[in-house]
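Both complexes shown next keep chain A, but they swap its partner, so chain B is in the first and chain C is in the second.
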Partner chain A sequence: MTTTDIRPDTGPEKAVRRPSRLLRNLSSKVAMVPLIFTALVIFLGGTIWTVVYSFTKSGLLPRLSWAGLDQYERLWSSRKWIVSIENLAIYGVFSLIGTLVIGFILAALLDRKIRGEAVFRSIFLYPFALSFIVTGLVWQWILNPELGLQSVVRDLGWQSFTFDPLNNPNIVMFGLLIAGLWQGTGLIMCIMLAGLRGIDEDIWKAARVDGIGTVKTYIRIVIPMMRPVFVTSLVLIAAGIVKLYDLVVAQTSGGPGISSEVPAKYVMTAMFGGQNLGQGFAASSMMLLMVVIILIPWAYLEFGGKKHG
Partner chain B sequence: MPLGKQLAEGPRGKKPKKRFSRGNIIVYGTLFVVALYYALPLYVMIVTSLKGMPEIRMGNIFAPPLEITFEPWVKAWKEACTGINCDGLSRGFWNSVRILIPSVILSVAIASVNGYALSMWKFRGSEVFFTILMIGAFIPYQVMLYPIVILLREAGLYGSLTGLVLVHVAFGMPINTLLFRNYFASIPEELFKAARVDGAGFWAIFFKIILPMSLPICVVAFIIQVTGIWNDFLFGVTYISSPDRYPMTVQLNNIVNSVQGVKEYNVNMAATLLTGLVPLVIYFASGKLFVRGIAAGAVKG
Partner chain C sequence: MKLSTQLLAATAICAASSAGAVDLEVMHWWTSGGEAAAVTKLAEAWDATGNKWVDGAIAGGGDTARPIMVSRIIGGDPPAAFQFNHGRQAEELIDAGLLLDITDVAEAQGWKDIVNPPSLLDSCTVDGKIYCAPINIHSWNWMWLSGPAYEKAGLEMPTDWNGFVESAEALRAAGVTPLAMGGQAWQQAGAFNNVMTIAIAGKDAWLSVMQDKNAETVMGPEYTAAFEAYAAARELATGINVQDWNQATNALITGEGGAQIMGDWAQGEFAVAGLTAGKDYGCLPGLGLGAYLQTGGDAFYFPVNDDPEITAAQKELAALLLSPEVQVSFNSVKGSLPVRGDVDLTTVNECTQKGLDLLANGQTLPASEQLISPDTITQLNDLMTEFWNTPSMTAPEVQQQYADIIASAE
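Showing the complex of A and B:
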């Protein structure tokens, strides 16, 4: 989705001469009004607006009375925000590694000319069709300590078995991770599978002739060849992690206490719950910064390198 | 197989593979166990939604229902409570339908025209706007939430379904425009030139030549939009102020996570399944197209 064909600019506008340049190719311009409006007003304008207002004292209503970096100082001295960032970091690292590893392993298994591949693929991918709200609620039910998994194992005779991540502040993020991985690995598996299918059969034959084992072939030859696929997956997963919100709301509502708060939820609470707009704007600007930090290396790898395509 | 052994066996050609070699058992075994894990939640949802409350309290969540009852489904649809309203998910369902239909139609219509203009009628700056739009797709929604509140309020649309529809159209625009633009870029230029020579203009070419050719990409865009908009929670909870107009996902969350009253797990799971039904039907009905659509539209997720 990053490579786009751009046809040489032999646009028809050169053939037709009109008196004003603004009126040239008018239908096209009129047709693009929704896009231009969305790009300039909503995306660009909205982002600039939020960043500008993050430097103000806006409380109940947005107002332009400058506060310098006050909102940011308050933000970073707020325990809830720090916890949110830590949670996102934990979730992010494990989700990134987990999704990549599980996604790749599933794809590699399915790539071994399996019978019933379509059935397995459907089962791994269907969670992705469901919303995070649905995902969160199902896993909340399965992880319910009194009636769910824990009680089932205890009924089987293992009385001391404890698995109650959603009520344990120390591991609650892993409870979310179980649901998050369940929902998201299918997509990455699909992308990886497409990548594996794109690798030439001859490479496998050559590796076999050289007596290189299957696992070694994957690690030494196939994975390095799939670099672009991994980069795409990485960006997709990372972009999703920053947005983590619905799942938390549905599964834990940020609890117990504030132990599963995340930045997106902090923003929502500050803006629409706490009437504390300035904090919301500052927190969302920090989220923007995180995305920029993720995107710049990617953009560099993707477009800055010598070769392309 | 090591090379030495292969040579020792002589040039007999490929040996037919045994179906149940050790490697195969490991591969199938792993896939089967993992598939079980992925399938389990759907199974648990279905099973729980068909049990009565006493059976839920007694038995385990994986056991099939001893006595199948559809009462939880009826209750979830018609009577489940969110706050003071007790008329079930049906209201949320119809709200979601009323949001979904215009959003999807508008999204696909606008994106197809955008993609067409971007690939065949470029003008000065058109690529710049497109680039801004694509970068915008990566910006966390939270950054733009409040400015949109102001815009909608100014337009008198804050809290209305119409406002939410416009938000969905705007946020669906990057990925859909990209899809259409790339698809149209692969249409042979000669076709376009021939139409120009025949005197066809912007709209004539679009409706008579381009649109009839774009059914496959329309289906992909349609799938992305339906699942994306149906599953949305953030925009629904932000731009709808009255519980009467909440989309289904928001209402579902309110029903299940409401603090008052006894938790009726069977009703909750029936409600969860009802909410997941539309995307699941799309998923199973569209098969491979879903894979293609979602892989192309993953940016929005």
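Showing the complex of A and C:
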């Protein structure tokens, strides 16, 4: 919104020609130049460069020797890539649902004005202060059958207890998920809590007068009112899912075998381990494509059409 | 001598050394106990020349370290020297003119005459120019046996792979996991690509696959036997879940694991733990079947630098790395073999002696890294680690996919 537009037309200024659209708010536009430059050159330029080079035979260094769709053919015939995509889907779905549900429940519990709220809030938010590498290592130790959870429970007397997700290819993604949820829910909880605090007290009073139960009030009234908060959380969680890499490297390094590989790790391994930039670029272009396919229709619905509310 | 003269002399020495003292950052991935002890030897030798060794160790093995090194070189902030396995890993960096040509050092020091086997120097040579200083010979082709584990089972240590397989049941009965294998892909793939294939399929079949990229040989009877042995090894390795190779070696030291297929660098760990070769641990080069050593190893490369002082120091370091004293002190700690045939490792143990004998007899083969590209190695690593961790995957399946990768290799 520009302030010039709403200024009432007073005598002398009426004669002044309205400034052209381009020059309006010149100072803020000048201030935006570095950002626009960054967005165009670094993000857009880098993206185009990557996509272009994904059609080449680039090895350790980028070279413009065309290979057509070879890199993509090899990518989609690679078992590891398929496994990576499946893993990302599993992790994505469970992490999205898990983080939202747990984050909301924790926030709702804290919102009930319990004693020592600040203490619990700090405890839940604390894991977020750790990097994924630390989180991954900590959970690698906790889930290690000889040192961690399994051995503790066995020492307590339950000898047959077995909990060893990181060495079982079928459930290794859930081992990662535990660590991911442990780290990520705190932040979402805080955002949700802020949203809950933004709900007018009168809504609660009105609901109470009408005799609506607490849980029902949350589900039917409060959650629909918190739509913007959920959108923010969703964007944060989704970004975390797509870039999932460091947690895997620290916790399982893709193992056992290739059962916890993720696309971002495929890209890194192809580019630097295999010294095959073309293959890595092809994989990262596919990652971009997937994000675009999911994001654009959603963003259009959310932000493009009529304003909600 | 008067005090003032002494002071003058001392100042002169300080001035002289500070003028020539150059800090060189050296990047490598030697971080396990034995490896770190060996690097200290290099650093000590370099510091003794009045220069300073700035250690740039990267934990996590070559697959983690190489990307970091390459990105620093491409990004214009290269270290003064860095470790690579010599072979095809640095090909493109050389093509792009990013690495220093050290042919003059090599000629001055007569590397052509002293480096043994000569293939090590060939791997450093591109278009007649030498770009790296080989520092050691590493061979993958060893199986290590745990003395404590065989003691527990009340057995003599076997003398070859077949004897080991036969002893597996008794080891299991004694509560020992017969084969200790780390969880990283390069270990699981290396045990097959470098050790079991050469030992079981034989030298000619291996060269046909790795050198000539002959996919038909992969489907042939020799390789079939190797794949079957590998599938059997997979069964023998269930029970120990560790990631790093030195953790698997540690299982042998404690007697939890019976044997490990791992390169000679494992010997550094036995040495750090104070074990004696032949008594506390045994070694079978080439699984005791066909004793050939692959002569891969580590080499130092030197990125091109604008500063002539650093360039001079890089060349000085290159010369130092191949000096007889450094070769002996470094390699005897690391458990690897020296790159020059004319040095005397007087204190070698039984296992190193076996390696030296094979070297002297010329029973050597190139390392896989010298024959196939990193891209192909990555593909093979992915395939073999998938097989190793997927019990439902059968030997014929993996054989077919292996052949496909070899067929498409450059």
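Things to note:
By definition in this document, the second predicted complex is superposed on the first by the 264 of 309 C-alpha atoms of A that agree within 3 Å, B and C clash if a C-alpha of one lies under 4 Å from a C-alpha of the other, contacts with A are read in each partner's own complex, and residues count from 1 in each chain.
In this text, a contact is a pair of C-beta atoms (placed from the backbone, for glycine too) under 8 Å apart; a residue touches a chain by one contact, two chains touch by 3 or more.
None of the values given here were measured: they were computed from a predicted structure.
Put simply, more of the residues of chain A are touched by B, taking chain B and chain C as the two choices.
When the two complexes are overlaid on their common chain A, residue A:145 makes contact with chain C while staying clear of chain B. Shared-chain residue A:215: touches no atom of chain B or chain C. By the document's definition of touching, both partners, chain B and chain C, reach A:253. Touch criterion met: A:169 reaches chain C, while chain B stays clear of it. Contacts of A:23 after superposition: neither chain B nor chain C is touched.
In the superposition on chain A, A:275 makes contact with chain C only, while chain B stays out of contact range. Of the two partner chains placed by superposition, only chain C is touched by A:59; chain B is not.
Of the two partner chains placed by superposition, only chain C is touched by A:80; chain B is not. Within chain A, the residues touching chain B in one complex and chain C in the other are 253, 268, 271-272. Those residues of chain C whose C-beta lies close enough to touch chain A in the complex are 63, 66-67, 70-71, 74, 89, 91-93, 95-96, 183-185, 241, 243, 373-375, 377-379, 382-383, 385-390.
Note for the complex: chain A touches chain B at residues 1, 4-7, 9-13, 15, 21, 24-25, 27-29, 31-32, 34-36, 38-47, 49-51, 53, 62, 106, 109-110, 112, 114, 120-135, 137-142, 144, 147-149, 151-152, 155, 182, 186-187, 190-191, 194, 208-211, 214, 236, 239-240, 242-243, 245-246, 249-250, 253, 264, 267-268, 271-272, 277, 280-281, 283-285, 287-288, 291, 295. Residue ranges on chain B touching chain A, taken from their complex, read 1-3, 23, 27-28, 30-31, 34-35, 37-42, 44-45, 48, 56-57, 60-62, 110, 113-114, 116-124, 126-127, 129-130, 132-133, 135-136, 138-148, 150-151, 169-170, 173, 177-178, 181-182, 185-186, 189, 196, 201-203, 227, 230-234, 237-238, 249, 252-253, 256-257, 265, 268-269, 272, 275-276, 279-280, 282-284, 287, 290-291, 294-296, 298-299, 301. On the side of chain A, the complex with chain C involves touching residues 59-61, 78-80, 145-146, 164, 167, 169, 253-259, 268-276, 279.
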